[in-house]
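I'd like to ask some things about the structure below.
Read from first to last, the chains carry the letters A, B and C; within each, the first residue is number 1.
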Amino acid sequence: MRGPAFLESLEAAVPGGVVGTNLEALDPWVEVAPGAIADVCRWLHDAPETGFDSLQCITAVDWFEADPKKAAKAGWEPHLELVYHLWSTAARVSLVLKSKLPRWKDEVQGQPPEVPSVVGVWRTADWHEREVFDLSGVVFVGHPDLRRILCPEDWEGYPLRKDYEMPLDYHGIRGR
Amino acid sequence: MAEYLIQTVGLPEWLAWSLMAGLSAVLILNLMAGGALVFIWAERKVSARIQDRLGPTRTGGSFGWLQSLADGIKLLAKEDLMPAGADGMLFRVAPYVSFCASFAAFIGLPFAFDMVGLRLNVGVFYVVAVLGLEVFGVILAGYASASKWSLFGAMREAAQVVSYEVPLGMCIVVPVMLAGTMDLVTIGEKQAGWFTNWYVFHDPFTFVIFWVYVTCAVASVNRAPFDLAEAESELVAGFHTEYSGLRWSFFFMAEYSSMFLVSGLAAVLFLGGWNGPIPVASLLGLSDGTGDTTGVLVRLVGLGNLLGKATLGVLIMMWIRWTLPRLRIDQVMTTCLKYCTPIAAVMFAGAMTWLWVFPGGVLDIDTGSRRPGEIREGWLDGPGGRGAAAVSTPSSVPNNAAVAEVAE
Amino acid sequence: MSQVIDDDPRIIEFDVRTDEMLVNMGPQHPSTHGVLRLVLRTDGEIVSEIEPHIGYLHRCAEKIGENVSARQFIPYTDRMDYLAAMNMNLGWSLAVEKLMGLQVTEKARHLRVLISEFSRIASHLVGMGAYGLDLGTFSPFLYAFREREKILDLFEEACGARLTYSYITVGGLTADLPPGWLARCEAFLDQFEPVIREYHTLLTTNAIFVKRTAGIGVLSPEMAINYGCSGPVLRGSGVDQDMRRDGESIYTAMYDGYAFEVAVMKNGHYPQDHVYPAVPADAVLGDCWHRFFVRMLEVVQSMDLVRQAIDRYSACSGPLGEPVKVAEKLPKGDVYLETECPKGQMGFYLVGDGTAIPWRVRARSSSFSNLSVLAELCHGCLIADVPAIVGSLDIVMGEIDR
């Protein structure tokens, strides 16, 4: 099941879940409302006609340009984009989900945005979400154990944000 | 020798005996230390050749002869570290306990006819009992190190060695039963003659039990595939994780000495001891008496025989170590409790029956074996319960005076 | 032991329970394959809980990727799975080529197959040898490294490096093979074939090895898929998936015309294109033994592929093609591509913004997902099984921490 039929059944299963699509891109993607991520993923995983039983990757892309001149020409508002790459072992097809988040929750600098966790759908999301939380600063609501995974536990900031500044000093170790 | 000093040189008795005891101690200690050096070098060379490498090639000439010595010097120069949380006294004492146990066991091991530190009428019992004490050093080390890995190693060692004492004991009882004595010298002497007289070829049961002995011996000295106490891929280095320098090398020496000891014990109990496969001496009509030159030469050849057999045993242990993966602790215990112990028990019963049915062997050659009942009578009759040993020892020396025959 | 438990006749297990102990395995431990730290909660020898801590080798590869051009990022991919750097180079190059819409020449395509499959052999040799080491046998490790050295010698001849090759690059390869290389490669394969039988004797069919691995760490196919496991770990559980056959067309096109059978147990048996040892009776699909065995099968499979690639490559007369310029501009857009690396499926996600420098680079590593299943596998095993299970996952920390 591909293309429009698939989108229709997805829309029927999770009303208001699909926000937009781009089927012409190299990897066609479906944009999902941030709040509906978990429901959409649950449906994609469970529904027999789709059967996306495997999550390959979760990526957070920070769309932010510090330089005001470049930012004016960029053509997008600063936001955070979550990209989910799904894979169906049986049908051997992949699916890309995207979801746009604000860079900071309630526009408060330093307060990471929230999105429902998909750990309940795929166990592999556990570590992937921890990594996104650690490096890009997205809080996954409902994650059983959301801690930093690659950086030390007392690390500050989210290194893969475009406005991240390497600390000058970490426990007496020079950073820059 | 001691008598010689007393009677001819005229030394006081206490001095003569002390001198001889000291001489034996020095000889055995050097044998252990030198043996360990040679075996460590051999292990490196053997493992290297097994693994398509060269091993040490430079230190002390083309074969790296002095590599172990150089390592020893390096270990001497190393800092003696002790973890902050360690139990200081036990931590320091543990290597010596291990070392002393395997050193003390050498006292009872005969290297040739009458060439033994102390000829004991319960030699087998003594050697096995004292060798079993080595585990105390390991447990102490593991406990005192204040390291979890060490503790794991020590607990494994305790469980393993104590379990393997059972089948090991049963294996050792069989040659004792065949010889009718626990005196290692007598057991060795009884296997003189052609190699068919060796206890390993005595009957099918002893042949099987020899291999059970080999398994248990490898396990009791913690060599691969039973080296769980120091399993480097699981427990870092097991009980000696926290040891460094000379203390660590004492553990090492104890390990190699124990290997040599159990191999030597196998040689004496099963493989004819110091008797070669062909009785060259008796075929040529040479005397093996204690008094003359030929006798000394014959015994020196016997010494070579025993050392050769024991070394072969050590080399086989090395070969096994560099070939097989390690068993898991439950599998080690299963091997002991489900396989080794029942097999040893059945073989023991079998060997006993065989002895009863063919008291003189299948070919009915009188090799001096007696029915079990007679042995018991001998024990009962003998003075002070030492009848069996006394009967088979021509020049029966009072046991409390039988010190230091090694240099005779 | 409390009075309540003593009095309860239903509870008999409590008698063997002792105090629990937390043990740190790693990051400096001989069998954690680098700097992995495992916190074990043990009860005597039994592990009740295991928690992996990673990140000791984190080198910010994704952040670096946002500061260098696509071709400049190639050396950083080398350092991800440093045991199969060729496959890492290939994965990144293909992802960039997918974004740029590049097509490499026929000759470069066959050379890429040849090199990446050869690299797979080298990687599996390390996995196999180190697994022997984890189980306490040292010699197979050196036998494996002996053969790997010969492969590295050949790689060194081809690209000048022994570990971090940067050989396969965006738009092709950095250089053609030196003269006589193919003959030396074939000579190596010929002498390597009997050596595999030796490995099977020492490990695969060795009684103690089977006892240590069969039935240990059983990973069900459902769990493997749910945890995102891939590569030999997934195929060891009996899931028939290999990106070389099932992946995206840009990757599968590389293997067009190549004959190979995915190393997986189907209909109760493994591929029968060669003579392989029989599956021991104790082995359960998805256990450590099967994961190990799949790797051994893939060594033979890769040898076949290398032989085919040698024929096809030498039949090619065309040019090898030139790699793209270092500062070549990337089009706008994003791509994700997974390739079948020795450790599993390595995915690269790449966002281009019209400049030479990617806006975002993401590496989805196979070992990362494969390791995350460890806590499930090790529940209730013995301490000695932990190295056996970790080893059977064949992780490489450079790829996990990136």
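Brief remarks on what is shown
Quick note on the criterion: contacts are C-beta pairs under 8 Å (C-beta built on N, C-alpha and C of every residue); 3 or more make two chains touch, one makes a residue touch a chain.
From a predicted model like this one, the values you see are computed outputs, not experimental measurements.
Chains touching both subunit A and subunit C: none. Farthest from subunit C, judged by the mean position of CA atoms in each chain, is B.
With centres taken as mean CA coordinates, the chain nearest to the overall protein centre is C. Subunit A and subunit C have Cα centroids separated by 26 Å.
Centre-to-centre spacing of subunit B and subunit C amounts to 47 Å, using the average Cα coordinate of each chain. Each chain gets one centre point, the mean of its Cα atoms, and the points for subunit A and subunit B are 67 Å apart. Across the interface of their complex, subunit C is touched by residues 47, 50-53, 148-149, 152, 155-156, 224-225, 227-228, 231-236, 322-331 of subunit B. Every residue of subunit C that touches subunit B in the complex is listed here, in rising order: 21, 23, 29-31, 44-45, 132-139, 142-143, 146, 202-203, 206, 208-209, 211-212, 382-387.
Contact residues on subunit C toward subunit A in their complex (touch as defined above): 54-55, 58, 60, 62-63, 66, 98-99, 223, 225-228, 239, 241, 246, 248, 333-336, 338, 345, 347, 349, 351, 359-360, 362, 364, 368-369, 372-373, 401-402.
Every residue of subunit A that touches subunit C in the complex is listed here, in rising order: 25-27, 53-57, 59, 61-62, 83, 85, 89, 92, 94, 96, 122-124, 126-128, 131, 135, 148-152, 159-160.
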